[in-house]
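Chain IDs A, B, C, D, E and F follow the sequence of writing; residue 1 opens each chain.
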Amino acid sequence: MSALIDTLRKNTNLLSHSSMEEYKYIPPHVHNLPNMDDVEEIVKLIKAIVFPGFFGVAGINENTQKYYTGVNIEKLYLLLKEQISKGLHFFNEQVDEQTTNSPEEISLTFIDKLPEIKRLLCTDIKAVFDGDPAARSYGEVIFCYPAIRAMIHYRIAHALLQLGVPVLPRIITELAHAVTGIDIHPGASIGEYFSIDHGTGVVIGETCIIGNYVKLYQGVTLGAKSFKLDEQGLPVNIPRHPILEDHVIVYSNSTILGRITIGHHSIIGGNIWQTNPVPPYSRILQQKAVASSFTDGLGI
Amino acid sequence: MSALIDTLRKNTNLLSHSSMEEYKYIPPHVHNLPNMDDVEEIVKLIKAIVFPGFFGVAGINENTQKYYTGVNIEKLYLLLKEQISKGLHFFNEQVDEQTTNSPEEISLTFIDKLPEIKRLLCTDIKAVFDGDPAARSYGEVIFCYPAIRAMIHYRIAHALLQLGVPVLPRIITELAHAVTGIDIHPGASIGEYFSIDHGTGVVIGETCIIGNYVKLYQGVTLGAKSFKLDEQGLPVNIPRHPILEDHVIVYSNSTILGRITIGHHSIIGGNIWQTNPVPPYSRILQQKAVASSFTDGLGI
Amino acid sequence: MSALIDTLRKNTNLLSHSSMEEYKYIPPHVHNLPNMDDVEEIVKLIKAIVFPGFFGVAGINENTQKYYTGVNIEKLYLLLKEQISKGLHFFNEQVDEQTTNSPEEISLTFIDKLPEIKRLLCTDIKAVFDGDPAARSYGEVIFCYPAIRAMIHYRIAHALLQLGVPVLPRIITELAHAVTGIDIHPGASIGEYFSIDHGTGVVIGETCIIGNYVKLYQGVTLGAKSFKLDEQGLPVNIPRHPILEDHVIVYSNSTILGRITIGHHSIIGGNIWQTNPVPPYSRILQQKAVASSFTDGLGI
Amino acid sequence: MSALIDTLRKNTNLLSHSSMEEYKYIPPHVHNLPNMDDVEEIVKLIKAIVFPGFFGVAGINENTQKYYTGVNIEKLYLLLKEQISKGLHFFNEQVDEQTTNSPEEISLTFIDKLPEIKRLLCTDIKAVFDGDPAARSYGEVIFCYPAIRAMIHYRIAHALLQLGVPVLPRIITELAHAVTGIDIHPGASIGEYFSIDHGTGVVIGETCIIGNYVKLYQGVTLGAKSFKLDEQGLPVNIPRHPILEDHVIVYSNSTILGRITIGHHSIIGGNIWQTNPVPPYSRILQQKAVASSFTDGLGI
Amino acid sequence: MSALIDTLRKNTNLLSHSSMEEYKYIPPHVHNLPNMDDVEEIVKLIKAIVFPGFFGVAGINENTQKYYTGVNIEKLYLLLKEQISKGLHFFNEQVDEQTTNSPEEISLTFIDKLPEIKRLLCTDIKAVFDGDPAARSYGEVIFCYPAIRAMIHYRIAHALLQLGVPVLPRIITELAHAVTGIDIHPGASIGEYFSIDHGTGVVIGETCIIGNYVKLYQGVTLGAKSFKLDEQGLPVNIPRHPILEDHVIVYSNSTILGRITIGHHSIIGGNIWQTNPVPPYSRILQQKAVASSFTDGLGI
Amino acid sequence: MSALIDTLRKNTNLLSHSSMEEYKYIPPHVHNLPNMDDVEEIVKLIKAIVFPGFFGVAGINENTQKYYTGVNIEKLYLLLKEQISKGLHFFNEQVDEQTTNSPEEISLTFIDKLPEIKRLLCTDIKAVFDGDPAARSYGEVIFCYPAIRAMIHYRIAHALLQLGVPVLPRIITELAHAVTGIDIHPGASIGEYFSIDHGTGVVIGETCIIGNYVKLYQGVTLGAKSFKLDEQGLPVNIPRHPILEDHVIVYSNSTILGRITIGHHSIIGGNIWQTNPVPPYSRILQQKAVASSFTDGLGI
């Protein structure tokens, strides 16, 4: 067994922070890691508060739901203020208490936003239901559709980001990304009645602005074309993602890049690479493919 | 702490069902929510029944497997009839008992279909193995390949849907979608020896008809182009997805939309947007890309 | 209840290995199934060893981390040698002990590679951070970005594969694939400072060779065009995936197929289907789409 | 492995219900087994309802406790009616619905008794606290003292038994017996301000009647001396355990047997075997022991 | 934090095996610790095999129970042979393979004893039921009575001990001791139709011999009076506990010490200290207590 | 369902703190409830630190144990300071920080006592082993014997109490009491080489003083006879339990009450009620029982 002990000792030292040049890019640790399980619990509680008949322990009827909602809001408050505190100290241990609201204040303000978050989600649910002939009820859409799961996470994360909470919003959207394949940056701005069909592979960048009644299909990217570097060679965080006006539809696997505007009521077909703006009421289609018959038994 | 109490009381009321116009789209709750954990257990049991050496507790040898299969079928029956009952009452509390089979009957009939489901899955496993030079054994394909996981879920869900079970089939395919990124609607009809490579982003719509020996790559969409609305402005559920005849191959990220037929032995290249039918033995390729050299140091 | 008993008995027999022709493709069971939970634990331990401040129980300070690392390396050793042993016997029960290293030796050699794995991952983290204006710190990148999760799994799996361990590498990359939608074959060869943005739908094939400072976007496929069959009609495992030289960028949803070389400093735009080699400093863009205005209220 | 198969088959048959004469004493199974986990959860919920600051999730303050209590009462109702239903069918599958209250009615009536149960337990807590110089606060008594745990279980079980619920009461007191070593039959009748010190080994029989302000020490038995047999030779269930009037104290390890009355304000010393009644204000002590000096180095 | 590091380093060294004289009594570790969870699982499996309607997952009816029993016997075999192997190596790493049966053989022989264990337990259940007017059914006795739990553990442990398995038997009876307060040494020999009432505090020593139809009450000790020391001053393991012939009853808290015989049909009253043999048909009662009236308000 | 709502509302109000006179004995809640799971974890960690080969994850050999001990001491420190802080605030929210050591200081001082605690426990293990002919190794004694479990808990709790920690010590001994039936108050003072045989029902009071080489059997009570009340009628906490000098043995179920001294080398037989002091080298036995023959077929 001495081989193990030797290996163990040698590598324990080699893996220490100062033993290699490249290790120094990375801080040895961050000060306040948010707790992943608690962040997941926060999202679960909000789901139970916002759609009490569908998530959490369903109350027997509408009267008892009030008790559950009260309990869940208190639990949410307790978890949220703790994780927000960790988020605030994630990047630097010292937080300027003059200019930053306390975790308690932020949590209460966030709870005040829940009715509006619920309202927006109701419009998304209606949009998904109206757009899918296979959907048989609103309940099925809430319960089964990945797009709604992604939107619940996004709308929570967006509200937290607007209140100045760091890191947590990103964790919350990544939790949805992992399960749905839909990657919406919490900084994006998305209007009412938004829907995504199927959704795997959708990417919506940080500075996107999306109007009302917009619909995306799976694999759509709303991304950045390129970005400026500052004097230290680091990327500059400026508006660099598309603007989609009301009633735009983008079909599957299309890529729209850069700070361009897709005019209202436009339809972008599938598998398009779009880096130029589009006026309202446009229809954009891929060049016709090259077709040939073959009997050679070979592939492509 | 009174701030919390005030926030809690105010928002508990604001979040109640009747406080906002948009909330009314959504029912306050559904009658019979299927239990997610039980549905996952149902799939696990079926996997242990169908491939006893690979899932569940492996028996020491083929003789003891029979005992395990017996136990697992009984457990499956008990869980299935309960969740089917919830599924049957999901959309409306009253089920017409004259025209609908009982959960017990449906469960027994489903169990009778397991040998055929196993047979079809064996052909899928063979197809995946034959098509991947990196695969070293059938066992590895069953144990590691996401396509097989997706097909197990789909073939279970399809059989349940054919027996008239609502909601459950969709939940079962969404469970696979979340893990594999492969979204197959349980209503789709898929033949033997079907394979998907890698799979993330694949979408197969509700009314697709897929023949035998078909192979799809990642990111392929078999979707609907548009749909009719009925008199109330709701979408009409009619055949609207492609038909792929035998021996068709579709490469990655291509989109095939509408009730069109892709003739047998055709090859659809990658990144194609296809909305027209294709005769047998066709080969469809994207228009040649525009290439240029650059030394300007800029992006695109 | 006799209906259940009858169904149970009948199907228990029908599902037995010899009852249908197609069942015989599939072995009744494999000899040594790796334990999925243990493999997940192995990856967790390596993450805690390599980035102790971010994964696992964080030590109070850098002094106590050494104790944790010692404990984690021993736990890793114990789990790894057991699972490697199962992997070695997965395909055939008899392993040639002359030519194969023992699980203990392989485990110790793998542990010796951890410092280099850590070094490579540090370059990947730097590459992701430098390429994303939305990233605020290295810590956030390690903690939240799916690309880093995928690269941790890949670099572990690649090292194990190089040591001759079967099956386990594939399981480890599939674990990341399921969560991130990024499917990197453990056999691929990937240089330093590699980054993937968003990542869902990325596929990197078994024989890919990727240089340094390469960046991929979501939905990119580096795949095989077609493959030779041997005399038994089985696919031959030869180099069949692309070579990407240093400083190549590939935008979202593009498909690059076959043993072709993409020259250094080239940029491949999005939604491209590329099956021909590309010289250095190239810029490849999709054919311009067909645009039209419409006011007819119809879709596409 | 065939030895295992043979052993397995042979003993599976031998263990079947009809293979031995003695097996037939025992029914092959009962109809409705209560669920142990649910019964434990029922007791936990009642503890959280009755002493909300000490068990369950403590609310932040007295205002939010009301929400928790509402939620817990509903949860209790749901679990209780299900387990009561199983209890009612435990002995015979057919329950006379004319003469038996429904599980729903019994559950509601039981919930109505919770305030009185809480009141009685408050008197027990005061009695324990007043009688132990080592106790520093009421809170410590509720939180740490096994006697209070036993009394919570007993007072719940006694109330359920009075409402005609079979089996459940016994399970509930056995749960406390297992942890505290205090075995109180749910049929016993116990007054206010009852206390037990230490408690291990205490037995209180089914037909005991205990007044107010009674205190028992560890190891005390209030048992039955002998019992009549009926015509079938089965024991007859008649009053057969002691009556302890108000203010009685019984010291450790004493045994009081039979339907005798221990008069009020009596003290029974330790290690007594008492089968005769005792008038009020009595003091009963063991015969003085035989003492001798010894220097022989031997034991007894 | 340096205080913690100092404390940690200093005490880590002080706690090492060689730092204090007294530490050397204790081996630094034993070679093969049985796994407590697995031993608990073994007992659970045996309970499900022996009383399938009462423990484990109850089958729907007697037909499906056979499948469950088959599965449970195989699981039992796998766990048992592993834990027996650990038990055999607990005291010394080298086991004489000539004279000791293999863990596999012992496990199979033990499984062959299960029908007889079940038969004996059926007689115990009958004895408990016949002796308790409060018992309403055999099912209740199996399901709720701690005496039956203790006897199941004892009869398993006794059979394993007879097969030469070390350590495991003791662990199994201690598991029952912890929950029931009944401490039966696995070496004791106990006949048919044995019952214990309430049970807390019962102790039955290693070399006890107990006939048929014997009944003990809570707190009864069948112990050793004193024991010889060998030349090294260590106690000699010879017969030193009582023999109870058929139909003996011992009431609560009595202590019977030494290798004495209690003749058949004798009754030992409660709180007796008995170190002399007793002829058949004896009745032994404690000296009458000293009673006095008191009005002084003092205790004893 | 309105019946449930009415019941729920009515009883939620009735159960509130102010609704009944008796409720007011009890505080509505305590300020800082220790976390039971964390306290259990603390004991587990100490067991793994003190006997690393027997509890916790056993290291492969003595070299790696040092890493485990380091990790466990840090974990212990983190949990302990948190629970000590809760303990310090349990009785009153304001703690005088002048006179009370900080939780951090107390935790470090406690860790410094672990080597001495280990030394004492080693003497107890030796005492148990030497006194039981059935014990085959020290390892078996550590691993299986309830007396050792009780002594580990007691010696930890006693050390914490000496450092001024409230509540936690009592919780720790009650955890052992629940499993072993041995109730040792953390305030008792117990010397070296202490052993308890079987143990169920043993009670050792708060102010006991026990010398070296003392042995108790099951059911022994070292209790208080009576106690003085102060002016408010509350019991006064003064020395009131027995003193046992070195080499005393007390047999099963005996009760020794009051501040009396049992002289060194004395033997107290079983079932004794002792309230007077005993000189050294005494032997105390119960009065001889009353024996009679009977053939009447009746009980007692």
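The working rule: a contact is a pair of C-beta atoms (placed from the backbone, for glycine too) under 8 Å apart; a residue touches a chain by one contact, two chains touch by 3 or more.
These numbers come from a predicted model, not from an experiment.
Minimum number of contact steps separating chain B from chain E: 1.
Chains touching both chain C and chain D: A, B, E, F.
Comparing mean CA positions across the assembly, the chain most remote from chain A is E. Centre to centre, using the average C-alpha position, chain B and chain C are separated by 24 Å. Per-chain CA centroids place chain A at a distance of 54 Å from chain D. Residues of chain E found to touch two or more other chains are 4, 8, 60, 64, 66-67, 70, 74, 181, 200-201, 219, 251, 253, 257, 269, 271-272, 285-288, 299-300.
The set of touching chain pairs reads A-B, A-C, A-D, A-F, B-C, B-D, B-E, C-E, C-F, D-E, D-F, E-F, using the touch definition from the header. Those residues of chain D that touch chain F in the shared complex are 49-54, 58, 62, 65-66, 69-70, 73-74, 77, 108, 111-112, 114-115, 118-119, 122-123, 125-126, 130-134, 136-140, 142-146, 179-181, 197-198, 200-201, 217-219, 225-226, 251-253, 257, 269-272, 275, 285-295, 299-300. Against chain F, the residues of chain E that register as touching in their complex are 3-4, 7-12, 14-17, 19-20, 22-23, 25-30, 33, 90-91, 166-167, 170-171, 174, 177-178, 181, 183, 185, 187, 200-201, 203, 206, 219, 221, 223-224, 227, 233-238, 240, 249, 251, 253-255, 257, 267, 269, 271-274, 278-279, 281-288, 298-300.
For chain F in complex with chain A, the touching residues are 1, 4-5, 8, 60-61, 63-64. Only residues 57, 59-60, 64, 66-68, 70-71, 74-75, 78 of chain E touch chain B when the two sit together in their complex.
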